[in-house]
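Structures for review follow.
Below are two complexes that have chain A in common, paired first with chain B and then with chain C.
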Partner chain A sequence: MKSRALATPLSFNENLASYLSYLNRALKANFAYKSSTFLGLFTGALSYGITVLVWRHVYAQGGLAHALSANEMFSYLALAFCLNYAMTINIDQRVGQRIRLGLIATDLLKPLDFQLTQAVQALSDSLFNGFVGLGVLAVVYTVLGSAILPKNLACLVLFLPSVFLAFVVQYSIVFLFIQGAFYTYSGYGLFASRIALHQTFSGLQAPLILYPPILLTLGRWLPFQHIIYSPISIYMGRVEGLQALNLLGEQFLWATVLYLVGHYTLRKALGQLEIQGG
Partner chain B sequence: MGEELKIYWATFKASLQAKLEYKLDFFLGILTSTMLQLAALGFLWVVFHQTQNLQGWSQPQVVFLFGMTAMGLGGSELFFNHIWMVPYYIVMGDLDRLMVYPVRSLPFLLISRPELHSFGNLVTGAILAGWSLWKLQMPWFDWLMVPVWALSGSIIYTAALVTFTSLAFKFVGPYSYTLMIPHTLLQASRYPLSIFPGWVHFILIFLIPYGAFNYLPGSWVMGKMSSPLLVLTAPVVAVLCASIAQIAWDRGLRQYQSTGS
Partner chain C sequence: MEQALQVENLSKTYRRRKRQAGLMGAVKALFGGEEEELKAVQSLSFSIKRGERVGLIGENGAGKSTTLKMLTGILVPTAGRLEVLGRVPWKERRQLALNIGVVFGQRPQLLWDIPVQETFELLRTMYRIPKDVYEVVYGEAVSRLGLGPLLGTPVRQLSLGQRMRCDLAAALLHAPAVVFLDEPTIGLDLSVKEQVREFITDIQEKYGITLLLTTHDLKDITETCDRLLLLDKGKLLFDGSIKDFEKEYASDRRIVAELQKPVSPEDKTLLEKESARLGGTLKEAEGCRLVIEHKDESLAPPLIQMLLSRVKVVDLNLEKTDIETIVTRIYRRPEGGRE
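Up next is the complex of A and B:
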C-alpha cells in the first residue's frame, strides 16, 4: 500500500482513460476466447435446460393453480437465463489466483483503485456476455414470440438502470466472497457457497413468488433477488410505477452498501497481507 | 497387482493427509458442498410447493434420487477427482511425469488428488437417501444395497469424465468445459427420468448411463419397476463404463505430445 503513495496521482481525465483502456482490453480478451465462450454457454444452457424441463413437466402435469401462466413462466425462465448469463463475471478465478500467488502486489503498485479496476474488468465480462445473452433471447423470441418482450416502454426504461444496479450488486457480492482467498488455500469453498446462495435466492430457477413461505421470507431479506428477480419483475411489468421505483431504490441501497463493505474489508485484508519476496 | 494397489493406497493416503493440513479449507469444503446440495433441495422444495408429485414420484422418493446422486458425486470427488486437472496438464506438458511412473497412468492419476468437499456430498447424500428409506419404511436389503449403488455411481460418473477428458488430447485447451457436459448431466439424474423427453431419457440410460445407479434401482426400490435384475444393473454398468473409459484414455494418451520444454 505504501508504494501507492509514492506514485504520482492521476488527473480525472487520466484516471478515466486508464479505466476505459482496461475495459477495452478486457473486452478484446473476451472476444479472443470465442470457443471457450460458446462451450461455457452450451454447458450453462444444458444445466438450465434441466430446470426448464422440470418446470415443463410440472405445467404439463397440471394439478395446482400456479401464480404464473405457462407462457409467463417460460418467458421468465428465458429472461432469467439470459440475464444470469450477462451477470456471469469471471473475477472469482482471476482475482482469487492473484491473491493466492501474491500477484496482487503488482496490482496494488498501479495508481488505480483496485476494487474499481476489477469492477471495470467485470463490466467487460458482463457486456460481452450480455451481447451473447441478447443473441440467445433473439432465438428464444422465435419460439415464445412477444411474450418475452417488455410489457411497455416504461418497463423497458426502468429495466435498464435496474440491470446496471443488478450488475453492481452481483459484482460487490463476488468481490466480497473473493476476499476469502486472503484467508483460505482453496477458493472453491467460497466460490461454491456464493453459487449456492445465488442459485437459491436470485430467482434464477423460479420467480420468488412461487417459493414456499420460509424460502420467500429468507429471499426477501437477502440481496441476491436484486440480481435477477427484481430486474425481470420490472421488465415483465409485474412491478410498475411507484412500486418499481421503490424496487430500484432497494437495489441502489444494496449496491451501495455492498460496494462500501467490500471496500472496507479489502482495506482490512490488505493491512494483514504478507507477500514472500524472492 | 498387490504391489500396485499398495502404491495407489499410499498415494491416496499421502494426498489426503496433505489436504487435511488445511483445516479451514476442510470445514469450508464440507460446508459448501452441503450448501450446494441444499440449494438443489431448495429448488425441489419450490417445485413440490407447486405440484404434489413428479410423474407419480412423491417428494421423499425424489429425495432418494438426490441422495444417490450426491453420494455418487462425493465418491468420485474423494477417490477419482484428479481427472479435472488433465486438460490443464495437457497444455502445460505436465503429463510427462505421470508417464514415467512404473504404475498404470489412469488409476494413479485418478487417486492422487482427493477433494475435501467430497465429504460434504457423501454425508449429505447418505443423510438424504437414509431419510428417504426411513420415511418410506423400506426393508433392510435396500439399505444394504445403497453403498453398492453409490460406489457404482461414482465409477460410472468418473468413467464419463475420463471418456470426455480423452477428447482433450485431441482438442487441446486449458479449460475443463468438456468435462462440464457429463457433470451437468449428472444433475438431471436427481429427478425421475420419466419426467424428461424420450431423448434425454435415452441419453441417461444408454449413452451416459447415470440412470443405472440411480433411477433404475430407485424405481425398483419404490416399486415402480419389478425386475430384480435392476438391483444388479449398477455394478454391471460400472464395470462396462470403466472398461470403455480405460480404452478411451489409452487412445487419447497416444496422441499426447508434451510441450517440448
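Up next is the complex of A and C:
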C-alpha cells in the first residue's frame, strides 16, 4: 500500500485552466436549455414591443422630443433590450435553489473559489445570452438602420470596457443578493427585489434623464445605472471624451467595491449555512 | 502512523423555528415565533490514522452527515476543534478540497445538464490528476462499475443507481488522501452494491486512502472497514474494531436444536432448570424446536452436553447475534448505551 503525496495549492496557470474548463462546461450546460432561452427571448421581445408602443404614443403626443428625439429613444430602447439580454445571469435563482435543497454542499467541495466559480457561471450565462442579444440587434438593424450604430469609433472602443465593467457590476450585485439566500433559505424574494431594482434603476425601461428628479437622484447614487444606462450613453455618444472616461472610472469603482464587499461578506454567509439531513 | 483526522469535543447546534401545524401556524410563523436548538453533534472526539478504514454508523438524525459536513469544511462547528490532514476544514476549505474526495449519497457532485464524461474531464483539470493515476482509477471505474454506456448521457437522465456509481468514480478519480462517503450504496441493487464495495476497497488499498464511510447498510462496514464509530443522538457511543464491537455488544449466543419429537411439558420444566443451573436461559420450546440463550462462549459445551443427555437431537446450530441485530437493539434503547 502506498500513500500519494498531498497535493499542493494550484498555481495561477492551473487555477486559470480550472476556471476555463469550468466555463467550457457551463457554456455547454447553457445549450441544454435552448428552448427555455428562446421562450425567454420571445417574452422579452413582447415586453419590449409594448414599451416601444407606449413610447410611440408619448412621442405622438409631442411629449419628450426636447430631451431625446424619437429616433434616439427607439435606438436606446433597442440597445437597452439587447444589452439587458447579455446582462441576464441566472446564478441567483440557481444558487438559491441549491441552498434550499442543500446541493450547495457539493459546490463548496471544489478546490475553487466560490465567488470566482459563480462569476464564471455568470460569464457563461452572459456570453450565451449576449450571443442571442447580438442576433436580435442584427434584426433591429434592419428596422432602425444606422441609428443603432455607435456614434463613432471612439465611442465603440470605450463601450467595450464599459460592457465588461457593466457585467462585473451586475454580477457583483447578484452575488450580494445570492448571499441573502444563505440567511433566508429562499432565493425567490431576493430575486424579485433585485429584478425590481434593476428594472427601475438600470435604465432598461427608459434613459434615467427622463426620470422625475427624486428618482433620478436616487438612480445616480445606486450602481444599477452602470449596467445599462452608462454603457449605452457611451455607445450613443451622449457622453464623450473626459466625461466618458469619468463614467468608466465610476463603473470601475462600483465594480471593485461591490466585488470586494461580496468577498468579505461571503465568509459570514457561509458560516450561517445549515444543511441538515444526509 | 500519521494522523489523518483529529476531532476534539466537536459540537454542532442547529437553530430552527418552531412551527405549529395548520394555516394559522404558518401565519404565526410569518410574524416571528419561537426558535429551538437542535444539538446535532455533541462533544465528539476521535482520531483516524492515515490509511485507516472507518465506518460511522447511527440512526437517522444521529449526526453522521453533520459530522462529515464539518470534516469537509462545508459547515462551521459550533464548538470544538478539528483538523483534517493538518488543516482546519472550514478555514482552509479550498486547500483541503484538493486532498479529499466526497460522496454525499443524495447530493451528486456531477454537473447536472451535461454528459458524465464532462464532469470527469473537469475534475481531471481541477485536481491536476497525473496521467497514471487518472488512467488507473478512471479505467477501473469504467470497467468495474459499468460506466461505459453512461459516459455520454446527461446526468439528469441517469437513474439513482447509475448516478451513484458515477458520483463515486468522480470522488475517487484523483485518488485523494482522505475519502468521505456518505451512504455510498444508497439506491443500488445487491450486485452493484457488491461491485461498489470491491471497487472502494481496491482503490483504497492501492493508494493508501483514509476512508470514513457512513451507511445504514452494515454490510458496507463489515466489507470495507476495520473500525467502527457508533453515534447516537450526536454522541459517540462506541469507537473500536468491529471484533471488539461484537464482543462488547453481542452478548447473546444461541443454541438452536431440532428435536426428534416434540418436547413434553416435563422435559421443558427440566430443561429450564438445568439451563438456568448452567448459566443459560431456555427461550423457546415449541414443538420440535428448542432455543437456549447464553452470554458466554464457554457455557456452550456444558449446555449442549446437558441437552444431548436429556432429549434426542436431530440437528444443532450455534448462533451468534449478527452486527445488524446488535445495532438495531442499540437504536431501540430509549437512551442508547450498553444493556
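Throughout what follows, the second predicted complex is superposed on the first by the 264 of 278 C-alpha atoms of A that agree within 3 Å, B and C clash if a C-alpha of one lies under 4 Å from a C-alpha of the other, contacts with A are read in each partner's own complex, and residues count from 1 in each chain.
FYI, contacts are C-beta pairs under 8 Å (C-beta built on N, C-alpha and C of every residue); 3 or more make two chains touch, one makes a residue touch a chain.
Remember, it's a predicted structure, so these values are computed and weren't measured experimentally.
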First (chain B), second (chain C), both or neither touched by A:Tyr188: first
Partner chain in contact with A:Gln199 - chain B first, chain C second, else both or neither: first
Chain B versus chain C as contact partner of A:Val52, first or second or both or neither: neither
Which superposed partner A:Val261 touches (first chain B, second chain C, both, neither): neither
Which of chain B and chain C A:Leu116 touches, first, second, both or neither: neither
First (chain B), second (chain C), both or neither touched by A:Ile91: neither
Partner chain(s) touched by A:Arg25 [first = chain B, second = chain C, both, neither]: second
Of all residues in chain A, those that touch chain B in their complex: 35-36, 39-40, 42-43, 46-47, 50-51, 53-55, 57-58, 61, 63-64, 66, 183-186, 188-190, 192-193, 195-197, 199-200, 205-206, 210-212, 215
Residue ranges of chain A in contact with chain C within the complex: 1-4, 6-10, 14, 17-18, 21-22, 25, 28-29, 32-33, 101-103, 105-106, 108-113, 270-271, 273-278
For the chain B and chain A complex, residues of the former touching the latter: 22, 24-25, 28-29, 31-33, 35-36, 38-40, 42-43, 45-47, 49-52, 54-55, 116-117, 173, 175, 177-178, 180-181, 184-185, 187-188, 191, 195-197, 200
Complex contact set, residues of chain C against chain A: 14-15, 38, 40, 50-51, 60, 64-66, 69, 72-76, 85, 90, 93-95, 97-100, 102, 104-109, 111-114, 118-119, 121-122, 125-128, 133, 154, 174-175, 177, 182-183, 205-208, 214
